[in-house]
C-alpha cells in the first residue's frame, strides 16, 4: 500500500526545486541494446497438475501402484514431452536461432537488437 | 552479370602478346574476373585482350603495381615449373621406354611408384610427380583494373565468390517458391518419383568448398551456407534445380560396399578357407583362419577354447559365429600373441567376423556391420601423465 | 585390410581424442532385435554412416541381457568384472534353487512358480522403480526437500542401486549372492525392504507436495 | 474261427504280460519320491536299470537313479562333490549319468580274475571332467556286489586341512587322530551290513596301551568301534584294520574294493601340515599315509583298487599336465607301476545333449531361445564342470 508523499512533508524536508539544482544527465537517458533474461526463465514448473492428481490417487490407494496406472502413465508422458521440448529448445531456441512465430526469447531478441541498435 | 567471363590465372599469352609493355609496366590490364556458368572453376583461366586506349594514359595505382609484380613473378615461376615438368616427363618416358608424347599422368604415377616404392601408409606422403597446377595452389587473378576499380560487384564483401554463391542459392530458392505458388494455385502436386534423392549425399564440407571458391570461409558463414542449402533442398520442387544442387553435394561413401569381400581359397582337403592377417585389438595381434564345411572345432594357439578361462572372452568368440548362424558349421584356427585375454579375444572376434564375410550373403554382412562386428576397435589405453597417478586419476590431496 | 585401416585413421583425423574415442559421426552398434523392429527407411539411414565396434561385454548370445549387464556393472568394484559376473550367476543359481525347490515341494500350483531368474530380476526391478524423487532446493537460506519427477533411465538406476544397497547391508557370515537373491525374490513378489524404501520415498514426496512449485525457480 | 480266437487269446496274454512288465519297471524306479515324471522315466535320457552291474553300452549317456538308502549308505561320509550333492537336493533325485570310462572300468572288474594279485586302475583327466563321479558309479557297483569298500573320499583333505595334527608314538611322525576316526566312521557306515554277514575275525592280538588291548579273534566291528571310541589310537586301529583286511582277503574270506580320490596327494613333495619346528611335513612322515600305501600294493589278492590322480589335488591347478606319471612323481609311479590307466574325457555330443535334456526336464534351464544348446556347447567346451557353472546363470 503506497503512502502518499504529502505525509512526509510534515516530518521531512520538502523536495528541492528544479531551478536551483538543474538535472544533470550523468548516465545517458537511453535504453540499452540488450534485454535481460531474468524475467524469461520464470518458474516453468512442469506437470504440476499431473503430480497433484498422482498424489491424490496414491493417497487413497495407500501407495499401491497397481490401482492408479492411468495417473502414472499421464504423469510420465507429461514429463517425457517436457524433457523432449527442453532438449529441442536447448539446440535451437536457446542458441538464439530464430523460429517463425512471434514469441521470441531474450536471446533471439538480443540477436535482433544487436543488428538494429537504438538510435544514438 | 550476364557477361560470360572466364577468369584464369594470369595466363601465358599476356606475356606473349605485349612483352615490351610489361617492361615499362604501365599498361598491363587484366580483364575482369567472372564466373562461367558452365564449369565453376573460379580460379583457373582469364582471357586478356588489349585494353581500350583511353585507360592506358591514367596513372597505374600503387596496389596495382605491386599486384603486377607479384603476378609476373608467379607466372615466371609457373612457366619454369611447366618446362621442368615437361623435361622430367620426357626423361621419365624414355627411362620407362614409353613414347614421350603419349605419356599420360597415370603412366607417370605408375612409373614413380615403380621407381620409388615407398612403404609410407598415407598416399599423399609417398613420392609423386604431379603437374605444377596441382602442386602449387591456384591463385586468384587480379580482382581490380589498373585504376583500382574492382570487377566483381561483391568485391567489398571480402569474399566475392562465396557471397555470390549465397546470392544464387537464395535466387534458386525464391524461384522454386514462385513455382510452388503457381503450381498450388493450379492445384498441381509436385511430381513424387522425381524427388531429389539426398540420403546418400552430404552438403559440401567446409574445406572442399574453400578449395572450390578459392576463398577462406569462416565457420559462421559456412553454417549459413549449409542452412540455406538445406532450405533449398527441402523445398518440394528441388528436383527442378537438380543440376545446381548437385554441384554442392558430396556423395557419402556407401559404407556397406566399402570393404571388398575376398574369395575363399581351397585347402588340401578341398575345404574352403579364408585367413585374415593382422587382426588387431589393444596390443594383441592375431591371424585367424576359418574353414567352411567344419564341425565347430576352435583352436587358439593349439589349445581349444579353454585357452580363455574367463567366460567373457569366450562369449566374445561366440558372438560373431552365433550372429551369423554358422556356429557349428565352421572350424576356426587362430594364433594370437601380445595383449591380455580381452585384447586377444577382441582381436580373434574381429578376425572371425572378417573371415565369415566371404561365407555369408551381402544382407548378413550388412547386419554384421550394423552390429559393430566389422569395425576395427582401435581404442588404445590412454597414457599415464606425469603429475597424475594414472591417465586421469590425480594424487590424493594431502593437507601437510 | 589396408583400406579398412585407412578409413579408421582417416576418419579419426578430424575426430576428437583420436586414439581413445570414436569420432562423433560414428553410429552406435545395434543389437539384432533392434534391427528387426527398425523398418526399411530407418535402416537405409545407417547405410551411409560408419558404425562403432561392439563393446567387449555386449553380445547377442543367450548369456547376455540388458538388465543383467547393468546389474553386473553396478556390482563391479575396482574393475573386477569377472568376479561380479560370478557373483551374479551365483545369485541366479540361488534364486533358481529356491524356486525349483518350491516347485518340487508343491507341484500342484506349477504355473505360478517362476523359475526363470532373469525374468524375476526384471520383475523385481520393475516393481521397485520409483516415480518421483526428493531433491533439496535452497530457497531463502532454507533447504527444502522438493519432489521432482525422474527420467526412466534414472529410475532403473535407483531401483538396482537400492537392491544392491539392501544386499550389501548383510552381516559377515551371509554371502552377497545369497542376500541379493533373497532381496530380488522379495522385490519380485512385491514385499521386502526395497519396496518399503520405494513406498517411503513416495510417501515423503506426497507429504512435501506443497513445495513442488519451488522447483526451477 | 478257432484259429482267430487263438490269436485273440495270445494277443491278450501278450498285452497282460506287457502290462505287468511296465508296472514292475516303474515300481523299481519308484524308489525315490519323484512325481509323475517317473512314469515317463524310460525315455531318451533316463534308464530304469538302477543296478550298475547291468549297465551296458546301451545305457551310455543315460541317467539312472540310485536308490536313496544305498546313496545314504555309500556317500554319507563324502564321495560326491559338494556342488553335485546340492544339485541332487534341488532336483530331489540322486541321478548319475552312465559314461563310457565307468563302463570300461566295470567291464575290467567283472572279468578280472580275483585270485591273481590286485589290479590297480588309475583314473586321470583334466579338471572337472567327472573322475569323482566315475568312481562313485563304480563304488555303487561295489556296494551292490558286496565288496568291502575301503574308500578315501578326498585324500588331499588329510594333507591340506587336517582337523588336528599331534605327535605320534614313533618319533618324527605326525598323527591325524580326528581324521582317522572320521574315516573309521565312514568305513563303518559303508560296510556295516557286510561286516555282520561275514563275521570277520582279527587273527592277531593288538596291545594299545598297558591296560587296553584287543584279543585275537575279536570281530572287526569291535576293532572299528574301539578306534572310534579311543580317538588317541584311531590311526593305529586303521593300520591294524587295513593289515587285517589284507590278510582276510588273501585268505579269501571277503572281496575288497579300495577307492582313493586324489591319490597323488600322498606323493606330493610337501603337505600343508606344520610340525613343531614350523616346517612343512612331507607326506611319508604322516602315520595315516602308510596303511593306504600298503593296501595299494600288489601283495594281496581277491580285491580291486581304484585310484584317481588330480591336478588340483595339492596345488589348486598350477600343475602343468594332468598325466599320472607327472602328478605321482617317480616314487609314486614306481609304487603303483603295473596299473591300468583310464582316461576320462569331456562329454561326447550324445552325453551333452542328454544332460541338457535332463536340465530342461528339471526346469533348471529356463531361458531357451533357438540355438542355445549350440552356444552352451561352444562356451563350455563340453566340460562337465564349466557346463554346470554356465547353466547356473541361465
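A, B, C and D are the chain letters, set down in written order, and residue numbers restart from 1 in every chain.
Just so it is clear, a residue touches a chain if its C-beta (ideal position, glycine included) is under 8 Å from a C-beta of that chain, and two chains touch if they have at least 3 such contacts.
Computed from a predicted model, the values in this text were never measured in an experiment.
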Grab the C-alpha centre of each chain and report whichever is closest to the global C-alpha centre.
C
Considering B-D alongside A-C, which chain pair is linked by more C-beta pairs in contact?
A-C
Chain-centre distance (mean CA atoms) for chain A and chain D, in whole Å, is 83
Quick one: chain A and chain C, Cα centre-to-centre, how many Å?
38
Go ahead and note the Å separation of the Cα centroids belonging to chain B and chain D.
73
Roughly how far is chain C from chain D, centre to centre by C-alpha average, rounded to an integer in Å?
45
Chain D: which residues touch two or more other chains?
375, 379, 390
Please output the residue numbers of chain B that touch at least 2 other chains, ranges allowed.
311, 315, 318, 322
Touching pairs of chains, all of them, please.
A-C, B-C, B-D, C-D
What does chain D use to touch chain C in their complex?
35, 86, 90-92, 362-364, 366-367, 369, 372, 375-376, 379, 389-390, 392-394
Note which residues of chain C are touching chain B in the complex, please.
1-9, 12, 19-22, 26, 28-32, 35, 43-54, 56-57, 59-61, 63-64, 81-82, 85
State the interface residues of chain D toward chain B in the complex, per the touch definition above.
371, 374-375, 377-379, 381, 383, 390
In their shared complex, chain D is touched by residues of chain B numbered 296, 298, 304-306, 311, 314-315, 317-318, 321-322, 325, 327-328
Parts of chain C lying in touch with chain A, wherever the complex brings them together
131-132, 147, 149, 151-152, 199, 202-203, 205-206, 209, 212-213, 215-217
